[in-house]
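The letters A, B, C, D, E and F name the chains in turn, as written, and every chain counts its residues from 1.
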Amino acid sequence: MIELTRRATFSAAHYYWNDDWTPEKNEQVFGRCANRNGHGHNYTLEVTVAGEPDPVTGFVVDLKWLKDVIEREVMAAWDHRHLNLEVPEFANAVPTTENLAIAAWRRLEPAVTAAKGAKLSRVRIYETPEIFAEFRGGQA
Amino acid sequence: MIELTRRATFSAAHYYWNDDWTPEKNEQVFGRCANRNGHGHNYTLEVTVAGEPDPVTGFVVDLKWLKDVIEREVMAAWDHRHLNLEVPEFANAVPTTENLAIAAWRRLEPAVTAAKGAKLSRVRIYETPEIFAEFRGGQA
Amino acid sequence: MIELTRRATFSAAHYYWNDDWTPEKNEQVFGRCANRNGHGHNYTLEVTVAGEPDPVTGFVVDLKWLKDVIEREVMAAWDHRHLNLEVPEFANAVPTTENLAIAAWRRLEPAVTAAKGAKLSRVRIYETPEIFAEFRGGQA
Amino acid sequence: MIELTRRATFSAAHYYWNDDWTPEKNEQVFGRCANRNGHGHNYTLEVTVAGEPDPVTGFVVDLKWLKDVIEREVMAAWDHRHLNLEVPEFANAVPTTENLAIAAWRRLEPAVTAAKGAKLSRVRIYETPEIFAEFRGGQA
Amino acid sequence: MIELTRRATFSAAHYYWNDDWTPEKNEQVFGRCANRNGHGHNYTLEVTVAGEPDPVTGFVVDLKWLKDVIEREVMAAWDHRHLNLEVPEFANAVPTTENLAIAAWRRLEPAVTAAKGAKLSRVRIYETPEIFAEFRGGQA
Amino acid sequence: MIELTRRATFSAAHYYWNDDWTPEKNEQVFGRCANRNGHGHNYTLEVTVAGEPDPVTGFVVDLKWLKDVIEREVMAAWDHRHLNLEVPEFANAVPTTENLAIAAWRRLEPAVTAAKGAKLSRVRIYETPEIFAEFRGGQA
């Protein structure tokens, strides 16, 4: 089995906030991320699929197809967006790097599974080059 | 003369918008950046000072001092902020990478000039690793 | 158990082509990579070995020895070469990143196994910083 | 004046060869690059334009426009190509990094000059992250 | 389960030496690293914790807390230090990248385990961008 | 005129110290760098030469020759060394990044000048990816 990975980048705004908490509590837990005006990041998304290379093409999956899947399932909804205000997954969940990794998995997994002979193996999201979260499926 | 450079990073939200234009015109000129919900970036700021190394310390300037200047003059006002909504320079100017470079120069130049024997030589801002703007002072 | 990894880079040309197909079919499947004049990449090879650090030297393997193995088994045959025209593994197989990872494993595994107390754990090949394939042995 | 830079990447094959020389002389001067089967690189092209930011848009030039210029003038002709065999500039000149920088300048300069208020300031080409050439116009 | 990773960097000096060996034997095994004057590196430490994101905060762990743990347990003792002369783990063990990964694990594991609901999953140390060692716990 | 740049890396130990000062004064000025046990870095040296590409070879200088010059003039003396204890330039000068840039220039300039038709244009030294110094010759 081979794991094949493609990276893509997107730029988005977000903030961390819990409506059930006072502003003081939000600031205490979330620090500068609790600024409701929002801040943002250049995120890097790494999508890894696993399978056997096709003996004729040498492809686990066609990388052009994978790029289109990432574009359609994630980039179209997240790039140049405000994650809290425009992305349904984060209407009621804090858009932490951890939650972004899970949400990206759920967006990508059905499309990748529909491809013959490959499965989604791993999703990694870098919020900055220093911080990243990784999800390999299952409960979360 | 030696040029000494220090990098710092900050995360901020912004959008591109001109109140004198229709939404259609804004979208035509600014594309996805015209989304008023905002998006964001991990910016990298590169600050270059020029001077002679002190014969005793070997420093053009003390890098710890330069870090504090960058922190106080730029980071405290821009990091984890919405540039359009919270930074005075962009109340009436579009926060493009070009305008950020000029604004960072104007914030840093007085503090660097006040240091004995060094001058601000260059400010560079990366909006992404693929796009950056550089300003060396003078009119803009 | 510790995993120890060393990176190396090489520059090579390749194209994607299947002699059993018409030129149109090749172009449809392989896109711009079907250009028979070839194009090329700066590849990065990551070789990971696993084992216990020697209690005296602190080495899983001697990194100088690992560098020589990579040089002799892979670099000498692949660097500054045309993969389709000069590398036996790709006389009848498309030199995709997936197939390069498998081929690098097969070149490296016997030499690493011959070393006392370590085994080859993982081979990763980056075709670009955005695309990489990883193989951990077994059937492929 | 502000300098605004955009990066783009392309993958190409090339070799170094002088028809007036014997194979021995070619190998002596050009080393492994004299392999006529070709090898290749992921090149990075950095295009810098200089000008005043437009007071309304904050743009020195529209980065989307600059991307299109780079795509049309350079990428369409060089990406996924064999530089010696398919690019006219290198029919009779060795495609060194130095010559690529000059050729990219000559392709880009007319299109950038045609834009109101900006001029091409600098072209830099990375053959690898360790080697790059830079041209600022004038004779070469 | 999600894996969340944070990077930190430190600068340290070290050498490789075994007191039971002659200088010749040390040089033969350790090469240039046997220079007793020492040399040094910018190390990058990657710390990965695994757990379920808290349903309220979206955090596997608070990244600010994780930064403080890394600072207190590793950085305070290793950054701007000579590993052989100032770090107890290397009084009698060679400070190879492998041994640094194990030592970092042992420093971090108790503090991470003390946090509710997360465990230390992986420690990776880069000695240079080309060489890194990874430890996932257990005997070593 | 073209500028051609080659990067090289070296690992070295150093400390900052002035024998004319008390330990307290050294610590006050140099902070953690005043630790006499030393610490270290992976330095990156960027050497830029300027000239016209040779019309036959397309070379400003032969990059293999430039690599040998850097190896002979700088790497052989600085790599895997303690800068204060083993490098003559720093017997009586603090090995700051600024002073390293000047010292590298003085080591490289005679050898590059001796080459036909090229001159040393710029030397840049990165102490970390965040801090670098650049020297273009002249008094310092």
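FYI, contacts are C-beta pairs under 8 Å (C-beta built on N, C-alpha and C of every residue); 3 or more make two chains touch, one makes a residue touch a chain.
The shown structure was predicted, so the numbers you read here are calculated from the model rather than taken from an experiment.
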Steps needed, at minimum, to go from chain B to chain C via contacts: 2
Contacts common to chain C and chain D (chain labels): none
Remotest chain, chain B as reference, centres from CA atoms: C
Chain at maximum distance from chain E, centres defined as averaged CA atoms: D
Chain pair, C-E or A-B, that carries the greater number of C-beta contacts: A-B
Gap in Å, rounded to a whole number, between the CA centres of chain F and chain E: 29
Centroid spacing, where centroids are CA-atom means, of chain D and chain E in whole angstrom: 42
Contacts with two or more other chains, residues of chain B listed in rising order: none
All touching chain pairs, where touch follows the definition stated at the start: A-B, A-C, A-E, B-D, B-F, C-D, C-E, D-F, E-F
Chain F to chain E touching residues, read off their complex: 9, 11-14, 32-33, 35, 37-42, 79-82, 85-86, 128
Residue ranges of chain C in contact with chain A within the complex: 16, 18, 29-31, 93-99, 101-102, 129-136, 138, 140
Interfacial residue positions of chain A with respect to chain C in the complex: 1-8, 52-53, 56-60, 62-64
